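Lettered A, B, C and D in written order, each chain numbered from 1.
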Amino acid sequence: MAAEQAVNLVIVGITLGAVYAVMALGLSFIYGITKIFNYAHGAFFTWGAYFAWMLSSGYLHLPYPAVVVITVVIMFFFGFGYEKAFMYPLRRFAGWDITAIIVTLGSALLFDNLALALFGTRAKRMPYLVEGNFVVGGFTITRHEVVTLIIGLAIMVLLILFLGKVRQGMAMKGVAQDQTGARIVGIPINKIFSYTFAIAAALAGVSAILLAPKILVYPTVGWVVFIKAFVVMVFGGVGSIKGTAIAAFILAMVEAFVTFYLGGIWGTPIFILVLIIMLTIRPKGLFGTW
Amino acid sequence: MLEVDQVNACYGEFHVLKDVSVRVSEGELVVIFGPNGHGKSTLLKTICGLLPSVSGRITFDGQPITGLSAEKIVEMGLVYIAEDRHLFPGMTVLQNLKLGAYTPHARAKEAENLEYVFQLFPKLKDRLNKNASTLSGGEARMLAIGRGLMSQAKFLAIDEPSLGLSPIVRRDVFRTIKEINTGGISILLVEQNVARIAEMADRTYLMEDGRIVFEGGKDEALKDEHVREVFLGI
Amino acid sequence: MVVSKILRKNAFMLGALLVLALLPIALRGNAHVLNILSACLIWGVVASAWDLSIGYASVWSFGHIAFFVIGGYTGAMTVMYLGIPPEAAIPLGGVAAAVIGILIALPCLRLHGIYIAMVTFGVHLVLSTFILRWRDYTFGATGLSGFERIQLGQYVFSSSVPFFSYYVIFGVSVLLLFIIYRVINSTIGLAFVGLRDSEPFAKSLGINEYKYKLIVFGISAFIAGLMGALYTSFYGTVSPFMLEVSTFLMVLIMLMLGGLGRFPGAVIGAFVITVLSEALRPLVLWRFVILGAIVITVMIAMPQGLMALPQTIKSFARRVTQRKQIKKDSIKTSSI
Amino acid sequence: MKRQKLVKLIIGFGLVAVLAISIPLVSGCTSPAATPTPEEEPIKVGIATTITGALADDGRMHVRALEMARDRINAEGGLLGRPVELLTADLGNYTPTELAAVRDTLKSAGVDMVNYNWAVYPAVTDYLMEIDSLVMHHGWVSVDWQEWYDNKDSFPYWMTLNQTEEGYGVPYFQALTNPEMVTWDFPNKKAAIIVCDLDYSVVQAEWWREEAERAGWEIVLYEIHPVGNVEFGAQMAKIRQENPAIIFMSSVISTEVIAAYADFLENPTDSLFVITWVINKPEFWSAFGEQADGVLGTVPGFFMVDSAYTGSNPEYQTYYAKGRAIWDECLERYGERPSLQTICADDSFWVWAEAVERVGSVDDYDAIMEAMFDYPYVGATGTYGFDRDTHAGSYQAGNVPLGFYQIQGGEVITLAVGEGENAGKNIEKITDFQVPWWLE
């Protein structure tokens, strides 16, 4: 019996970890490459969830694969447009990175409340990606959790390949490491910035699709995930995919086990305590690079 | 090949470049001297599109490039090699070189250019998979120049290549620059160190307080009294 | 001579102070408006204290709303359980916040930027757990209320006695803003700015980074905590609702809208945001949508914040005239 | 140099002046423009409720009740011949600034009565008392009421419809294990309790738990989670391991209950899923549709939503007729079923309106209250006889019936109604219990 309990908890931890990691990677991407701390990332998640909801159980009732694809595409353009509309105009001035922070704060306020005004406070439910369970030995694992894990890991692998092998990805890494250097070799910074936001928003959309069936869709849902993603990003070290993934799994496991043994109320405090201990040992997170 | 005509530029609220006109013909190696902080680097950055100019005209290969973005200018073959190098510290030497060939134009000739860079700097070939941050000053300088060449450069704008290098390394660097130039790439070089480079230059300019105060052909600079006074203390 | 010089040098601030001092009389004690003004002042001081940390010392603390709430709870609880007179409880709130601030600064000493933000935000996240768990004393989510208020003769310090209370808040705010102003212009302030602008250089001058980090945490947490206690006493209630993201977001927006490191920008930001958010109240659900849109628009139009407005205009004008001058000159020279 | 300072000065003065001018303009929005003649001067009813924030749905349900009541009374010629006017003030997220704004706007508008739902936040009580007009509070949360009770000497004009919170954990457990109501053989005597960290929910859970333990049940999980928590993976892991016969979720926040139930549905155990207050909220059933079938819940007050009352109790028939009328009107007018909030708000309005009619004045608060004490009011949720000490229409599940519900076919069906101290033991059965679909 104890084994089943442990396995269940590990599964909870791993699936949550995969989602946090995807979300944190987006945040880390934006911060690492553009040096903007994007407060609106929670709002990206919220809107990704609302788009998915509108396409699925809300209005259009499309088949799920279509929902996933369309949501990701919408979020990609959402992020792209967001950068073009709100971040790009700021960049004519020196010290724009600080201004950008307040614009992201303002847009978090705007987008959260837009969702509230349009859809109300009432929480919306999203169907699971796939219904049903696998029964392996004595353990029951839901299909949704398996899919979540696969998608999460696939995204991480794809990102590592993208940044390491693909020219555009390497260019992004280049911008992260030295913006002037990137301009010297002819990397179009403005485009890279836009695509960075676009990819990050698409990642937020993916994590919304994966997590929303569990934690619902409501106007402030993004903040719950945003704060966790923030902790994960810092814990793993900004810019390190490996670090983010490990941090996400560690923290999600800690949370699952603490909630189980000590109660849900201690989840956050222990989460933070682990982070502080970690940062005292390694001030730049597990694998901070950028 | 490059014509800078009456260019003015400001750094914040400081008026740095004042009616600067510079000309580089095809295949030439032109050197701009001048004391530190008198606008030489600003001129190169303005030419390469990293800083906007306030007025004036810059043409490259017969096409106006004033106000174009840095990436378009690189695409045309005008490549800037910065004084503080701006390498990608977290990437390997090879990755740095590959990113040098970012523009579509350069990508087509990537293998060819890589070959050329290794031929010029055989040392880089040994360090291919080392992180750029681990290179010594001279190696980093070589990598910066090599990365510039990877951009399929027709024209290099090099900012103080000798800065912070030991005399021996410095000589190596200068020799390589000359070699590149003889290979058919025009070069505009900014330097404080007159004595050595002036011998190699086809033409020289002297810049003081944001203005061009002297222009001369091969070997003329070292004979000019004002230049000698300023730089050699004679 | 000296007096007139001081007057001239601080004309803006003195003028603003005079108007703020006379407003209640002009408004004939309109309770609603006076309470809004009091809220403006309180948030103005909190935002300024926060600015001391973020704007001047460039220590990205995200714990200031937590310090504010800690001050509030300390103030209320010392009055309720220890029987301390409410006047004394208010500075005690500041002391408690400063102690927590310095404690949390310790693990932050070796950290930078966003890592400090996370650790300090940790305090914010954990605080509500402690308040809820310590139910016997804090009454959990219900919050505390009904504790003794400051009383001066027949006047009670409370939002239901707006005229008197406004002047109390005005006095405390002016005093604290003056202290912040002095800190900014003291050697401590200069050290902050030095560390912000060029850490290696500041270190070479013998400025001890750790020491100043502790000082900045201490001072700004003290002021935030004190204002928290004052706020709690003024409104007669404190609860974990204050720790919701919305408060954090609004105060951070006030601070940044005014302009980072541009005293008294944060105060102006607090006035603008508080008044705007009251003015937009009739819009109900669309209120914060519009507020967010205004913030974005203002920042895109004036990226340096409200406080830099005169400067932005001036430098813009200067750049234009400079450009014109350059163009004129080059035409002249080229025609020669 | 001098000119610059002057410019600064002018900008400074200008800025502050603009602010100073804009504030009165803002507050001007709420004050009426013209003064009508005394006989047709409207009676102002203030509504203190949550229009925005996490509890906005409750606020909407609250305001709807009063809008319907206002239109009904105005169509009949008004109250004492004067039209009734509503003034809604938003409690939002209960920040002190918002509370002060509610108080200041309602006070300056000179409302004759303040209608207030509930906040689990006693500070609201403090602020409403300062308005100095009669407060009609429709209850269920003892902290709000307790705050008034502790200060009753300084402010007597507070009336609470229901003060029943502590009563309903015990009868709820009793009803669940009452074979007359729940016709299902419990596979074990284990219960898991998930509690939201709000006093209101914690108190209920404590009473429920005590009663369960008294009846020899084993509590395999007693988990208090932070307010607003939406991740229940770890709790469900434990539940899946223990497989208890009852999962009791004590939370007033619909989002939490929906999230927990959604997680439960992913891999249901052999348990009854039992909730409290949220069962009456359209938020809950609209999120699940048919999937919500089988969930059990309870709400104090006679609240027949989807099922008709077919019993013999004549009092209940009166309640039902009244409740049904509001229900139909709400559905027709707003296209949505009411929640208990709506029905109770309606009752709290008419208690007051009836007393005002009896007295013939809106501002003689003492007389109005005397009228309430003297004449019990028969409403849609029960009969309210106000107590002179507690000022409560029903006290600790006393005279107001308690309803036990199950969602069947996507509708909230009343299984049984009970009353008094043995509300859970001595019940009147209304509808048959259905074994939830996941147990079949």
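Here are some notes:
Here is the rule we go by: contacts are C-beta pairs under 8 Å (C-beta built on N, C-alpha and C of every residue); 3 or more make two chains touch, one makes a residue touch a chain.
Here the structure is a predicted model, which is why all the values come from computation and not from measurement.
C-beta contact counts were set side by side for A-B and B-C; A-B has more.
Comparing the centres of all chains, each the average of its CA atoms, the largest separation from chain A belongs to B.
Inter-chain spacing, taken between the CA centroids of chain B and chain D, is 75 Å. Work out the mean CA point of chain A and of chain B, and you get 42 Å between them.
Per-chain Cα centroids separate chain B from chain C by 49 Å.
Centroids built from CA atoms put chain D at 37 Å from chain C. Residues of chain A in contact with at least two other chains: 116, 265, 268.
Listed for chain C are residues 129, 132, 285, 287, each touching two or more other chains. Chain contacts: chain B has no residue touching two or more partner chains. By the document's touch criterion, interfaces exist between A-B, A-C, A-D, B-C, C-D.
If you check the complex, the residues on chain C that touch chain D are 8-9, 11-13, 15-16, 19-20, 23, 26-27, 30-33, 35-37, 39, 128-129, 132, 135, 139-143, 145-146, 159-160, 231, 234-242, 244, 246-247, 268, 271-272, 275, 278-279, 281-282, 284-285, 287, 310.
The touching residues of chain C, when paired with chain A in their complex, are 107, 110-112, 114-115, 117-119, 121-122, 125-126, 129-130, 132-133, 245, 249, 252-253, 256-257, 260, 285-289, 291-293, 295-296, 299-300, 303-305.
Of all residues in chain A, only 94, 167, 170-171, 173-174, 177-178, 180-190, 289-290 touch chain B in the complex they form. On the chain B side of its complex with chain A, the touching residues are 12, 48, 50, 69-71, 73-75, 79-82, 85-91, 95, 98-100, 102-103, 106-107, 147-148, 150-151.
The touching residues of chain D, when paired with chain A in their complex, are 52-57, 197, 223-226, 228-231, 233-235, 237-238, 240-241, 254-255, 258-259, 262-263, 266-267, 283, 286-288.
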